[in-house]
Amino acid sequence: MGNIFPRWTNLLPFKILACLGVLGVCVIAVAWYSFTPKYTRVGYMPQQPIPFDHSLHAGQLGMDCRYCHTHVENSPHSNIPAAQVCWNCHGPGKVKADSPKLEPLRAAMDENYEGYTGQPIEWVQIHKVPEYAHFNHMAHVNRGVSCVECHGRVDEMPVVYHAKPLSMSFCLECHRAPEDKLRPLDQITNLAWKADDLDPEAFYAYVAGKTEASVDELKKGDAGKPWSRELIGSHLRQAWGIHPPQDCAACHY
Amino acid sequence: MSNPSSSSNELFGYVAEFSSAADLYHAAEKVRDAGFRRWDVHTPYPVHGMDHAMGLGKSWLSALVLGGGISGSLTALLLQFFTQVSLYPTVVQSKPTNLFTIPAFFPVTFELTILLSAFATVGGLFTIIALPRWNHPLFNSPLFSKFSNDGFLLVIEARDPKFHGEKTRELLSEIGAGQIEEVTY
Amino acid sequence: MADTSSANVPVHPSEAEGVAREQLVLNNRSLGWITDRVCGIVENRQPLIWWVLFVPSVFGFLCLVFSLVYLVSTGVGVWGMNHPVAWGWDIVNFVFWIGIGHAGTLISAILFLTRQKWRTSVNRASEAMTIFAVMCAGIFPGFHVGRFWMVWFLAPIPNSNAIWQNFKSPLLWDVFAVSTYFTVSLIFWYIGLIPDLATLRDRAKGIAKKLYGFFAFGWRGGNRQWRHYEMAYLILAALSTPLVLSVHSVVSFDFATSVIPGWHTTIFPPYFVAGAIFGGFAMVLTLMLPVRKLYGLEDLITGKHIDNMAKIILLTGTIVGYAYIMELFISYYGANAFEADAFHMRILSGPYTWAYYCMFFCNVIAPQVFWFHYCRHNLWIVFIIANFVNFGMWFERFVIIPTSLARDFLPGQWGNYSASWVEKLLFGGSFGMFMMLFLLFLRFLPVIAIGEVKGVLPQSDPHYPEWKRLREKRRAAAN
Amino acid sequence: MAGLKDGDDYRDGERFKIPSTLQFACLGVGGAGLLLFFILAMSDRAGAMAYSWLFAVIFFLSLAVGGLFWTMLHHASNSGWGTVVRRLMENLASLIPFMIVLALPILAFPNFRDALWEWFPERKAALADASTYAEQKRDAYIAERQAEIAKAEEAVAAAKKDLADVASPSPGHRLHLERRIAELEEKAAKLAEEDLSEAGATATLVDKHFLDHATLLFNKRGYLNEGFWWVRQIFYFVALSGIALLLRSWSIRLDHDGDPKWFRWMRRWSCGLLPFFATAWTFLVFDWLMGLDYSWFSTMWGVYLFAGAALNSMGLLVILLTALRKAGYLKDVVTLEHYHLMGKLMHAFVIFWAYIAFSQFFLIWYANITEETQFFLMRNTAFWNGYTIAFLVVGHFFLPFVVLLLRKVKLMPMVISGVAAWNLLMHAFDLYWIIAPERGPSLTAHTGNIQMTIPGAWVYDILAFVTVAGIFGFFLLRQLASASLFPCRDPRLDESLNVVN
């Protein structure tokens, strides 16, 4: 007879417990960080068949978003332009018609081109919400939510990338407090727009026209408050009667 | 079987065997009355009333469990109120999202209360009785291994201030011990 | 039942037939005998029949694995469920298995609290049964979620979707209830095992000694350990008792909080609990009768034990019958057209009427034979009735779940349900897994709580000599 | 332990001597109260007072029924610990017949009964309306139906004629016509089946009117009718009193001859009669309490009332035991171990009651079905909401639950009796909560100006309660004195005397 285990084993429980504790913390930390859209999608920057430079077109040249994404105001879906839209400017004899970068465009459009296929350009989709979630572009851009709120400063992106998480919490944050995401409807595609760009007098007149309050009352109510996105947004919210839904069926239907 | 433990010959104490639970019970009463402190009886099953015979009080484990239970309820209530009322309020089945949702939170509160109480019980038990402890001088004793079969053993440790080698052995014989064995570290 | 004895017979009344407490361990066995007999099961070679049962069980387990792999790789569409019957065999089997587990907890906890000493011979195996049954039960809702790899969504972990579990949903309560139940049952079982693992340790040799020694945690059986151990055991029993009530109550909430006719009735919680205990005891008997015979445990699991379990089956079966009758009565008395129709469909006309009568016969009528002493003591009858009950309790869940869904409020949404081969294989496979685990348990762990049985022997009471003297004095006076 | 107690040393039992002042007081209070109550009830207050009387009677009946439950459970579970207190349980149970007899006025007299159980008057009114209607419409109806029959027969004849008129029909044509004839004949036969005698037509019209104007009562007519009601009341009386008296009489015979045969009989019959006990109590509370609003129902109702009865009966036993010990009885027989066990049982039933009460509330709250929620809607709004939280949630569950968790409490007779008394008070509040909220709306519904409460009615509640308490106490004292205070020659006496837990 004798002891089965040596004396050092008496400390084993503490060692095991300590290891388990550290392991548990690690597992939770890794799961917490890596199982989230924040981690998996933001920064996604795929190579496109044509390296279309948004910073050049939308930024430098000042083209409106809606020149290409034509349906965004009257459809749930914001379309990717057909090759024809590109062809408007980059057609035969027009801008950079012979650039090798535009070969996929010619393959799609130019019947005289030797590589002509007639197939559309295979753009890679970057912004994508899951199939069980529905995002309605029309509903948002017509109620003062600018493109920039979800897509970032596309007008400054040489290559477009996934700038915001587009996770459910991202949606919910805005649906709970949309004030600082709202702007006048004519500034929707002005991605660089700031609160100071707005003329207070015209704005108050507009809001007064939409609500029962007079301009003076509005100004009185705002006395002492800094002129900010939030202030503008709160008036717009009142004026347009915005109540963002927060129930499940708002997006999952 | 190898003996991996150290082989010092320092005395740990005496292991004495008794023939029945009743004998052990009365022996324990006498050892208690003799004023020993570092001693114990080792039996195959818990002998009813032995706490009294050894002069031990009621186990205080239940106090720990109460703590575990309270922290379980609080965890559950905080978790549920925080998530359902302030973080992510959703109206489901036309139930309110305020204090009066509380009946819907009872099941989870109850389960977590039980779970943390059970954890407190196990953690508390192992801490109090200092297990797991795989190595112990008593395992060096051949007689000792009878405790898990049909032995009724009484162990007096040499560290007890009242321990006096032969005198203690005599005491053990006097109170009806059969076989008595010395155990070393 | 004639009463032959009268006051004149020279037996003290306290030792008369039907009064004297029957011995829990027969033939005046000693402590050492119990150790030898129970440890012998683990130490000796297993009988041939063990292998005869083990091989098909492993095969069944492999069937389970296969059907799960097929299910996950193909999608839950391979199950026979569709609108309107969205819950089918998967939830039936879940409730069935979780119910089986309840007897284990009842024996280990409730009978412990009520000081029913006969529990000691059967509690270990029933607790093992509980754990294995809960494992089987967990499979079904786990895979029922559809995308199994998303099961972690059930845990309240902070995430960037800002989604939190709906704590108002009975399905989430289930997650908490079942996982708590499993954890606490496992803890309870293991705490109970420690002294017996020490017994095995002290008898084993070689690698087995190290293994048992490791898992016994260095148990030394000192009273300074026992007293806290007993308190811990008592507390765990006191925690498990409301827990076991809550688990099946929560399972019943899955149904009863809804407005589906046939599901929404207030008696569901106690009715489910009684039914679970009922079905669980039947499973205990189904397992323990062969084990008792196979390993020669007749002195430990005596006729008294079987008699008691048969009585509990009778009691709970009658409680379940009470609930069936309450449901029927209130479906009439409530005068709600949908409710009345649901029960009309169950008992008079409808595609699943046969299932209702199957359930009623097996659960209410069949156990009534246990009113008779003869039937409680004829092992074949006990075994057959126990299996009727196993069968009937599965049908009870079947009657409740798919048949209520099959007839929605609008006739346009009616639809029937039959299980696909995947569901059947999965169910069969879960039995394989259950049996496999149980047989491994028999092979490696003490099937009877050695230490606890020793504690209920008459000579284990430190006051045994006094009781003996009293009895002898009485015998002398009577003669 | 200082040696075992020997049951044989206690075989002479212990007789209770009724303290005559107490008995006189009980009798005085009970008798005077009874007289006063029913004199007051000879007025337009009878309706409100019926609720008071029901409340008082059901409170004490539930305690007696709880006593019966514990007796039966003790036998059926083959227990040993409680033998020394079993006689007290039996004595409580033996009060069942007195309590049911006390309920007779409200069960039998229309001015009480109609106020309590509205289905009686409403059903009567609906039937009266229906028979007037049937009387008026009967002749027209018979004529109308007969015309229809005649028309159907004519159609058959015409179809037959069609067939005969066709000279040589093709097989298909013949088949078509034959089928048509069969169809019309079937229709005519079905019409002719109806009993168009005067009585038959009246019955049809009564049913039709009854269905149209009191649909719920029509659908429940198989259960809610006066004949069956009386059958059930007799069943409750016979079943509950019968079981109680039978078991008590065997127990007392066992005191005299010590024959274990009685012991075995009690055990067997307790098992066999448990289902009858359960059925009787369930339907009694269905009829008396759930029937206060005949449109409401809950399958859990019987279990709910059972839980309260069992809990508080145990409480009353504890109080009784302490009082007897204070008066010098049972001193050596009942030990703190018994108090501990009874305390644990009380604790278990506090939890069980809460479990049942919560489940019942919870499922109805969750499903939110109109005809079910009305019960809780009435009790969870306005005044009754505070009442529910204070007395049922906190008073009936949380406080006793926490206090009884402590081991020490269960080992101090005076303290545990205090807890038991508190529980009894809460039980009264529980039953009051079931009965009283129905009173205001029921009694004022016909005025069109519904009142939630009847002002001043609480005075009758207290009067009724005190009266029934006096009567209950009087008979309890008599029953206590009529036999030994514990089953002195019970074969399990040793076990009970020496119980350790």
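The chains carry the letters A, B, C and D, assigned in the order they are written, with residues numbered from 1 in each.
Keep in mind that, in the parts below, a contact is a pair of C-beta atoms (placed from the backbone, for glycine too) under 8 Å apart; a residue touches a chain by one contact, two chains touch by 3 or more.
Note that the structure is predicted; figures quoted are calculated from it, not measured.
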Checklist entry - When the mean CA coordinate of each chain is compared with the mean CA coordinate of the whole protein, which chain is closest? => result C
Item to check | Separation of mean Cα positions, chain D and chain A [Å, integer] | outcome: 66
Item to check | chain A and chain B: spacing of chain centres that average the CA atoms, whole Å | outcome: 61
Checklist entry - Can you give the whole-Å distance between the Cα centres of chain B and chain C? => result 29
Item to check | Centre-of-Cα separation between chain D and chain B, whole angstrom | outcome: 49
Item to check | In chain D, residues with contacts to at least two other chains | outcome: 1, 362, 366, 368
Checklist outcome for this item: Two or more other chains are touched by the chain B residues 1, 48-49, 58, 88, 90, 93, 95, 104, 132-136, 139, 144-145
Checklist entry - Could you say which residues in chain A touch two or more other chains, in rising order? => result 4-5, 172
Checklist outcome for this item: Touching pairs of chains in this structure are A-B, A-C, B-C, B-D, C-D
Next on the checklist: Please output the residues of chain A touching chain C within their complex, sorted ascending.
Outcome noted: 4-5, 28, 31-32, 35-38, 165, 167-170, 172-173
Item to check | Interface residues, chain B side, partner chain C - complex | outcome: 1, 20-22, 24-25, 28, 40-51, 53-54, 56, 58-59, 61-62, 65, 79-80, 83-84, 87-88, 90, 92-93, 95, 101, 104-105, 107-108, 110-112, 114-115, 117-118, 121-122, 124-126, 128-129, 131-136, 138-139, 144-145, 147-150, 155
Next on the checklist: Show me the residue ranges of chain D that touch chain C in the complex, using the header's touch definition.
Outcome noted: 1, 3-4, 6-8, 80, 215-216, 219-220, 222-223, 257-261, 263-265, 267-268, 271-272, 274-275, 278, 282, 297-303, 351, 355-356, 359-360, 362-364, 366-369, 371, 489, 491-495, 501
Next on the checklist: Give the list of chain C residues in touch with chain B in this complex.
Outcome noted: 30-32, 35, 156, 162-170, 172-173, 176-177, 180, 183-184, 187-188, 191, 194-195, 198-199, 201-203, 205, 209, 213-214, 217-232, 235-236, 239, 242-243, 246, 250, 253, 257, 450-452, 454-455, 459-465
Checklist entry - Can you list the residues on chain B that touch chain D in the complex? => result 48-49, 58, 93-95, 103-104, 106
